[in-house]
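As written, the chain order gives the labels A, B, C, D, E and F, with residue 1 at the start of each chain.
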Amino acid sequence: MEKIAVFAGSFDPFTLGHESVVHRSVDLFDKIIVAVGVHSGKQPLLKIESRVRMIRDIFEGHNMIFADYFEGLTVDYCRRVKATHMLRGIRTAADFEYERAVAQINKLMLPEVESIFLLTSPEHTPINSTLIRDIIRNGGDASQFLPKGIDIRNYL
Amino acid sequence: MEKIAVFAGSFDPFTLGHESVVHRSVDLFDKIIVAVGVHSGKQPLLKIESRVRMIRDIFEGHNMIFADYFEGLTVDYCRRVKATHMLRGIRTAADFEYERAVAQINKLMLPEVESIFLLTSPEHTPINSTLIRDIIRNGGDASQFLPKGIDIRNYL
Amino acid sequence: MEKIAVFAGSFDPFTLGHESVVHRSVDLFDKIIVAVGVHSGKQPLLKIESRVRMIRDIFEGHNMIFADYFEGLTVDYCRRVKATHMLRGIRTAADFEYERAVAQINKLMLPEVESIFLLTSPEHTPINSTLIRDIIRNGGDASQFLPKGIDIRNYL
Amino acid sequence: MEKIAVFAGSFDPFTLGHESVVHRSVDLFDKIIVAVGVHSGKQPLLKIESRVRMIRDIFEGHNMIFADYFEGLTVDYCRRVKATHMLRGIRTAADFEYERAVAQINKLMLPEVESIFLLTSPEHTPINSTLIRDIIRNGGDASQFLPKGIDIRNYL
Amino acid sequence: MEKIAVFAGSFDPFTLGHESVVHRSVDLFDKIIVAVGVHSGKQPLLKIESRVRMIRDIFEGHNMIFADYFEGLTVDYCRRVKATHMLRGIRTAADFEYERAVAQINKLMLPEVESIFLLTSPEHTPINSTLIRDIIRNGGDASQFLPKGIDIRNYL
Amino acid sequence: MEKIAVFAGSFDPFTLGHESVVHRSVDLFDKIIVAVGVHSGKQPLLKIESRVRMIRDIFEGHNMIFADYFEGLTVDYCRRVKATHMLRGIRTAADFEYERAVAQINKLMLPEVESIFLLTSPEHTPINSTLIRDIIRNGGDASQFLPKGIDIRNYL
């Protein structure tokens, strides 16, 4: 059976920490789909299409890593793309509590898909999208927190 | 003196976890009031009246459990209904930090009312109203997280 | 049915924080048993008998509060004294994680006994027996962390 | 070199806990700037000018403590006022996780400024601006959580 | 390249929670080695050989799951058996903090081995070996926390 | 008044993380005393004298940083050396809970000494003495976690 992992998130923007999670789990799966979840409500920094394009640019040349987006529940998206696993990165103990609840609820709703977690590297631990977004919005230079070669101005 | 507990919350919606907290503390009090707190701002899933009606339906036949709603501070409501205790459920360590601050502030403002905590059962730990609300909003089936016999469509 | 709460712990020594938990839950129960759990292994500060005597002295005149000790599992002791509730105080998020595991395991082993939690008052939050024991062992003055009127030298 | 600390925050309102952090670090620095950060979005209780005025009133007569406000990133403000340190208070473990991320990101963006932390006193631990704001908005009396002599009605 | 996961731990005893972690990750690897780490010092409940035998009994018939034991550092053992991954279960936020430090240190010492985490199911969250050991030592019945068909008396 | 900070700990061994805390707070104080606390009980890796010698070697040439050791309570040692501050590093949320309790108890016993906290840098966060000690005891190479130029074999 093909092993297909969905790595879902807001990715607003996709950071160095997210990239590291994908690279470090690449040999566990046959296919990884980085899927931008669409949530109404919050005022985003980047448009959905820009986020998908940015992820595509970052993983150009990796033919088993795909970028996509979805509306609705993550479990419904996983069902649609026949995912066998959900991939998650955890940074902090606060993250952990939330991730645990989500994973356990997902497991109850879609028992055949298992959630797999990677912890961020020490130097990526403080990097969260909210802080990075704040830097970019205030005109600061966030390039050290983004994947190499990414110029955020191309996606704003 | 009559022992009256107020179990206050948003209850949007009232979950299996909330129900368990009430049932497990029933023999400690003479009267439990499940009180929906009205907060402006957040876009709710259920109207206040629907939440109160839902709680009433769940505890039908239990003549010492009451459903109500209130605006303003919980301590003011407690004073009004002559509560002797506040009842709270705690799910996670993150909950705990917040609940502790609230309980300690309440104690300073209304020293005669004591806060009593129950921990959720393991199988109810991941059930929080935010996740459940998200499932319902996206057309998912959340019935396994709601009290038995409750059809959420009757309250939307 | 008589409501009997067991407040079990090492109580080495019994602190101001422990005392506050008992006083604040006195009107919920018909009887509270403060029960010193005997654990081999750790080098205690106070002998079991001294701890029981100290607790007895602290609650002298309260005829529904009893001091006792027990060996073995807390659930077995609860069964023996026909407890209906276990009483616990929680100080910190770290406490919480541990207390939750214990309460959930106990609930699985003895479903008819419910665990009830009180949070410590802000000024009692830092008081834990390990730190107090350390102060006493090093000849420091710990009286401000112990119940009023208790001279620890009478129990060493 | 002059030691200049920036104590940045929303301070909506400035509480007893904030005041204690400033007083307890006064002898470490030559100058402390209490700087209200301007964030669009959230509906504030107090206007920026009122918050600055309130802080000025609280520290009247302390000629090394200044009140100010700023827009944009804290690191940019620190650069502007030639700060050598950032001063922070931590109340809870949840605070800690967030504060650590912010401090580590700030350190990467502005390595020459060090973040210094003080923990709140036990009796100030439950006091957070969100809860206090809620009390005031609902017409409750929050004076016991505010610096002595401060009448919140003068700043609303 | 063969994907070999090491699931290292004290396993004193191996619980229902441990078993679930192995079963849920079986399709990610070609081979899983459940490896009992030998630590001098703590007074164990089960001898090393008994723990290995118990694990072997539990996974009898699964020809890609192996039981072993090792002395010294986990990273050295991983090097010896040519592991590509370390497998870990996380139960609580307190676990998380410790697991993160261990995983990050291991990554620095053996960069080619990635740590993969699974979260326990809600009903397994309270099950930790220390509590189970305590129950068994005090003559309690811990069979509901152990893998099906395991009679602990055969391993004591 | 001279500002004297005591940085107390077991320092078994003194790590890169400890060194960073000292260097980053050097300009806040007139004198920093790195003081090894003597605790009976635990089986140490390094003798007290070796730890003091190692700290002395690390800070050779810094004439305001001193190495010392003490028995008994930290507050008593602080009183003896006329400390004005206690200096502490915090790595994780679990550390935080413990550090807060210690700092608050110390403040009650010795109100004139203030505790000042620095957070570890991201890359030092996983480095704790227990893990490092474990590596060294098992013959692993821990040099990347120790201050530059330190050969642990000179202190064993």
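General observations
The rule is simple: a residue touches a chain if its C-beta (ideal position, glycine included) is under 8 Å from a C-beta of that chain, and two chains touch if they have at least 3 such contacts.
Because the structure is a prediction, the values reported are computed rather than measured.
The fewest steps needed to get from chain C to chain D, moving only between touching chains, is 1. Comparing the centres of all chains, each the average of its CA atoms, the largest separation from chain D belongs to E.
In a homomeric contact, the two copies may use the same or different surfaces; for chain B and chain E, over half of the interface residue numbers are shared, pointing to the same surface. The rotation relating chain B to chain D, fitted on Cα atoms, amounts to 120°, rounded to the nearest 5. In this assembly, the chain whose C-alpha centre lies farthest from chain C is A. Inter-chain spacing, taken between the CA centroids of chain A and chain D, is 34 Å. Rounded to whole angstrom units, the spacing between the C-alpha centres of chain A and chain F is 39.
Remark: chain A and chain E have CA centroids separated by 29 Å (rounded to whole angstrom). In chain F, the positions touching at least two other chains are 92-94, 97, 100, 104, 122, 125-126.
By the definition of touch given earlier, these chain pairs are in contact: A-B, A-D, A-E, A-F, B-C, B-D, B-E, C-D, C-E, C-F, D-F, E-F.
On chain B, the positions that touch chain A within their shared complex are 91-94, 125-128, 131, 134-135, 138-141, 144-145.
Residues 72-73, 75-76, 93-94, 97-98, 100-105, 108-109 of chain C are the ones that touch chain E when the two sit in their complex. The residues of chain E lying in touch with chain B in their complex are 92-94, 122-126. Residues 1, 3, 24-25, 27-28, 84-85, 90, 93, 96-97, 99-100, 103-104, 107, 114-119, 121-122 of chain A touch chain E in their complex.
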